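You will see two complexes here that share chain A, one where it goes with chain B and one where it goes with chain C.
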Partner chain A sequence: METALILTGLGSVFFASAPIVFAVIGETIAERAGVINLSINGMILLSAMGGFVVSFQTGSLFAGFLTGALIGALVAFIVAFSSITLKQSQVAVGFVLALTCRDLAYFLGNDYMGKGGPRLPAWDLPVLSDIPIVGPIFFHQDLITYISFLMIFLSWLWIFRTRPGLMLQGIGERPASAYVRGANVNLMRYAYTVLGGAIAGLAGPAYSLSVKAGWNGTISGLDGFGWIALAITIFGGWNPLRGAFGAYLFGLLQWLGLVLQPSLPNVPSQVLQVAPFPLMILTLFLVNIGSTEWVERTLAAMPESSRRFLTRALRALRASPPASLGVPFERE
Partner chain B sequence: MKVELRGIHKYFGVNHANDDITLTIPSGTIQGILGENGAGKSTLMKILSGFIHADSGEVLLDGKSVVIESPAVAIHDGIGMLHQDPLDFPPMRVIDNFMLGQKGGLFPNRVRAARDLRRLQKEFDFDIDPENYVDSLTVGERQQLEIMRLLYLGARVFILDEPTTGISAAQKDKLFETLKKFREQAITVIFVSHKLEDVEKLCDQVAVLRQGKLVGAMDKPFNQKKLVEMMFGKEVPLGTKQTVCQDRTVLNLDRVSIEGMRLKIKDIDFHICEGEVVGLAGMEGSGQDLFLRACAGLIRTVGGVVKVNDRDLTGKSYHTYKKHGVEFLPAARLEQALAPGLTLAEHFILAEKQTGVFINHERGRRLAEERIKTFNIKGAPVSPVESLSGGNQQRTLLSLLRHPLSLVLVEHPTRGLDIESVVYIWGKLKERCKQGAAIVFMSSDLDEILQYSDRVLVFYNGRISHPFDANKTNVQQLGELIGGKGWDE
Partner chain C sequence: MKHTTLNRIGFQLFALLLAFGIASLVLLAVGASPVQIYKDMFGSLGTKGKIADVLVSWAPLLLATAGLLITFAAGLWNIGVEGQITFGAIGTTLVLRLLQNSAMNAGFIIALSIFAGMLAGALWAALAGALKTFGGVNEIFGGLGLNFVATALTIYLVFGPWKRPGTGSMSGTQPFPEQFNLPLFEGLRLSPWALVVAVVGIVFVYFLLQGTYFGLRLKAVGKNFRAAYLLGIPTWQYMMFSFLLCGALSGAAGALQVTAVYHRLIPSISSGYGYLGLMVAMLVNYQAIAAIPVAFFFAALNIGSIQLPIVHKLDSSFSGVLQGLLVLFILLAEGARQRLTPKA
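Here is the complex of A and B:
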């Protein structure tokens, strides 16, 4: 009984983390191309509201998710247009959009507050859900959670294993070199920013039509997801696998905070609620420790064989942002 | 591949950067392009490699007229350009760099790419680990990777822009060997440089550009005097050497040890007298940079005693060293020595003793005008430093040095500069020597070291040779030491 409860709990971590996973993957793709989409926190609220309202009116869940993706794509297009074509500061534009979209979501969604609406049904995958341990954790979910799993794998495959993905990495690292190798840098940046926006836009409906169905305005509990996703994108070293790991780690820490509360009566509940944040920072520190000077010095003193191994291991862990992140590209 | 340029014109505003350039390069030739900075070499090469378009004129490859729309089209037509700072992706792996930009299916075949890369390495005797990251390679190795990549993409014409800048002597030899192999494969090489020795050593024919015009061409054997004349329109003296060594010791290192990230140098004993010039030779990263920074107080020495003008400055900060007349000119002029975004005038104001709260712009302008004149800087008081050419940035740095000075430490004093600037800069440095300053400099150019220093130290993997008298040693001896030969265990 106890085990079953834990397994269900772990399953709920993957379920509840799906919105952050979408946001992280969308942001990772845009930033890989060199564009920071800082608007996602507000954009997710807007797409959550929009997705719920459309779905409520039409009765179609698919239309709801589509709306979310379209809102994400549209907001990302504004970011892309102002930063690539107008060469404005991505940070400033993104930040203003984040605030605007949030307020717009609260304003437009006012009439739908607290209304009961459609909700994505759970769907146990046949055969797979019967596997012990793995089944209850991964395959007693709903469709959008399965899509989030698939999305992690597909985006990783695209970025690191395909030819266009290799070029995507190049565009973010050094657009001048990518240009020489035949890439239409600005067109690709548009495409990936909008695509990333659409994926991140799924985070909204994944919340308002699945994780916590309905629209509750300021008490939806969704505000802040986008900011966390931005941090996790960095933690993930712009790699969807690591990013997803970060998203799940964060979900797990939050879940543990809830579960452990009864068994740790002496610890104020606020501590457990806040704990995930410093823990994330600590992880970030450990991941990037390889680039500090004292570690390099210590390594330099070690014998050749172990040094080589450790240097490589730390180098692989280290996450350095795409070098041209936030920098507009201009050919001569 | 035969390359023909016919009547190429290019204007930038009123500046006629390329003025009716016509040049024919037969297949399998190594063509040198000589010229001062700003002579129009880069413009011409950018036109040929598709970065910019000519206003008029024609490019023919093997007799066929081509329109080179972009660098991607250029490589499709068989023209590959190796940029001075190789256009690669430093944080990515070698193999990914190699594959990036190749045509093919959705999923590239890494195994096959790695095999092809290894085969190419074998052919040219290169040794780069495909799984290594590009930012851990030297500039020379990154060049080798780019050469193999372009060759793999089918380049039949290679344009090399100042390729010998920033690479070691051994890597340079290897590069030249590779380019000579290209000749046998009927691959045409266009070698852009302002280093006469390199051009003489490598090229079959040379064209000289001056102020946008093709002013002359020459086949082997070259007449150096004539080439210099064509480049500058007048004869430039190549500088003379003189020793004004007096007895007073300026800098004294007694059993000093330095620890860098990857390198340790132990028990250095060294001294330099007033007016003396000491050159530091060695491969990039053999410890010369650490040595210079330790002498400047930029990194802390681990053991031993450092004395400047008989004052013990061991473990003191850079500012204390500065107070005692030590100046350091780093190789990264723009990044570490100047402040990009500030104008010349603002630099001179900053270098002055600060008085009052408000900036005296009038004084700054006057100072700048005066220094621009004395140091022959091509720029105006209001020019931002980053708009100046490398040579003029170095002149600016020299003009910022205070009076009097005891010790000037210079990293690559003339790297990337044209001959006129080289001669000028050394003239100014030698002037400082006559006034009593000692100079320690590092360079990857052995000729420069032999020509200008009184004594030479060779660095190899954190070890330092005994000082050689520059008059009694030669390129051969130094070259062997740099390559690791002749060090006793």
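Here is the complex of A and C:
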């Protein structure tokens, strides 16, 4: 009985983390190409609202998810256009879009607040769902969650095991070399930013049509997801597998928070809700601390035995970004 | 030279047109008449009382913008400004709570509490700065995380240790007695002291950045960190100091929210002025003097949009949509101008 409950709980972690997985994978792809898409927090809210409204109006879940992806692609296109073609700061444009899309979502979604609408049905995969332990955790989900599993492995395969993926790494690391090798750097950056945006755009409907169906404006509980996803992208070292691990770890902690809440009656729920954010800071701290100058200096002054241990620990945590992340490419 | 200015104005006008055009499409999408909405938003500002209300928002918004101009000069994205306002308000409330039953002069206590707010804001900024300098945590994420923490802390205080007699509620802590409020203009919600603090803040920043050696070196750090370091400028100290100054100015904004506007601590005490300040700073291309009218315009949009839910059953977030579109298109227009204008 107990075990069944825990298995269902773990299954719900994978289910509830699907939106953040999409956001992390999408952002990882864009940043691998060298473009930071800082807009995703607002964009996800907009795609969640848009996806819900479209599928509420048309009755088609597919149309809802398609809308989410299109919104993501469109917002990403604005980021790409302003940074690649117009050479404006990616951070500035991304941040403005993050705020604007958020307000736009609240404004346009006002009439649909709290309305009951369509929801993606659960779909137990035949045969696979009967496997003990693994079945209840991974294969009692809905379609979009299975797609999120698939997306993790496909994006990892693409980036690290294919020739175009190698080129993708190239345009983010050394665009000049990639250019010499015949890559149209800026065109590829456009393509990957828009593709990453479309994948991240699925995060919205994955939330509003699956995890927590409906649109509830400011109390949807979705605001802040995008920023966490950006941090997890860094934690994941721009690798989809490690990124997905971060997303699931985050989901697990959130679930534990929910489970533990009844035993902490003195803590207001709003306080527990922000717990991910100090955690986000701590994570980034651990990932980056090894690269700071003063730590390197302190380590160098330490006795051999403790230094070796600490260096190894810090190196395991460290993640370094694509070398040309955020740097525009110009032909000389 | 003259040609460039004209050229720039042309592109900016085009950007304004586009922003208002798209905002109108957004209004049409929810079945509202754009002409009617704009008329109501700006028409409602005709009275003396409404202008005063705009100035009530203008003061903290301008202070937050002033602070951000310093961190922008140092090349920093201090998104934590929202939390620095909140923490300033917490500091001010703390001092007022501690001293409200003391025998000291009320005016002195208010001054002390505003000072405490500035200190608290600086402290919260220093945390983001230290995370950046010593922890390698980008100030965007550090600041953003600290914003959420500051809000949670406020809610904890309002519902926990500082709750009003009986049960705590979202309406905030018990209001302070009248002698601890900054005096208001007769019949208005506006305090002259708030205006004074805001104007002093922006003028201070203007002279700091335009007329001092410190400002010059700070801008050098922002423009080219490595070159500044090689030139012998103590870079991390400069960055840290710009965080402290920005935190102090945003803390003052939070202090005004408590002493001049709400007279208590409420959960949403920062009112989004931090994020809005970032928008204003971007829109004015980081020029202090231009921030004065633009902050007024943005504050007017906020006040004008309060009508929307009441009269038109529309969400007041429309002001945010319009403000965001304005900044976005001004940024895009600048990029387009640079690209399309042949270089001399």
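Everything that follows uses one rule, which is that the second predicted complex is superposed on the first by the 274 of 332 C-alpha atoms of A that agree within 3 Å, B and C clash if a C-alpha of one lies under 4 Å from a C-alpha of the other, contacts with A are read in each partner's own complex, and residues count from 1 in each chain.
We adopt the following convention: a residue touches a chain if its C-beta (ideal position, glycine included) is under 8 Å from a C-beta of that chain, and two chains touch if they have at least 3 such contacts.
This one's a predicted model, so the numbers in the text were calculated from it and none came from an experiment.
By the touch criterion defined above, A:170 lies against chain B but remains apart from chain C after alignment on the C-alpha atoms of chain A. Of the two partners, chain B and chain C, it is C that touches more residues of chain A.
Looking at the shared chain after the overlay, A:285 reaches chain C, while chain B stays out of its contact range.
Of the two partner chains, chain C is the only one that A:93 touches; chain B does not reach it.
In the superposition on chain A, contact of A:315 is made with chain B only, not with chain C. Of the two partner chains, neither chain B nor chain C is touched by A:133. When the shared chain is aligned, chain C comes close enough to touch A:85, but chain B does not. Chain A residues in contact with chain B (one complex) as well as with chain C (other complex) do not exist. Taken in their complex, chain A has these residues touching chain C: 38, 78, 82, 85-89, 91-93, 95-97, 99-100, 102-104, 106-108, 110-111, 217, 224, 227, 230-231, 234, 266-268, 270-271, 273-274, 277-278, 280-281, 284-285, 288-289, 291-292, 294. Across the interface of their complex, chain B is touched by residues 161-164, 166-167, 169-170, 173-174, 176-183, 293, 296-297, 300, 315, 320, 323, 331-332 of chain A. Across the complex, chain A is touched by residues 46, 51-52, 70-72, 75, 81, 87-92, 96, 99-102, 104-108, 133, 259, 261-262 of chain B. Interface residues of chain C, counted against chain A in their complex, comprise 26, 29-30, 77, 79, 131, 134-138, 140-142, 144-146, 148-149, 151-152, 155-156, 159-160, 275, 278-279, 282, 314-315, 317-321, 324-325, 327-328, 331-332, 334-336, 338-339.
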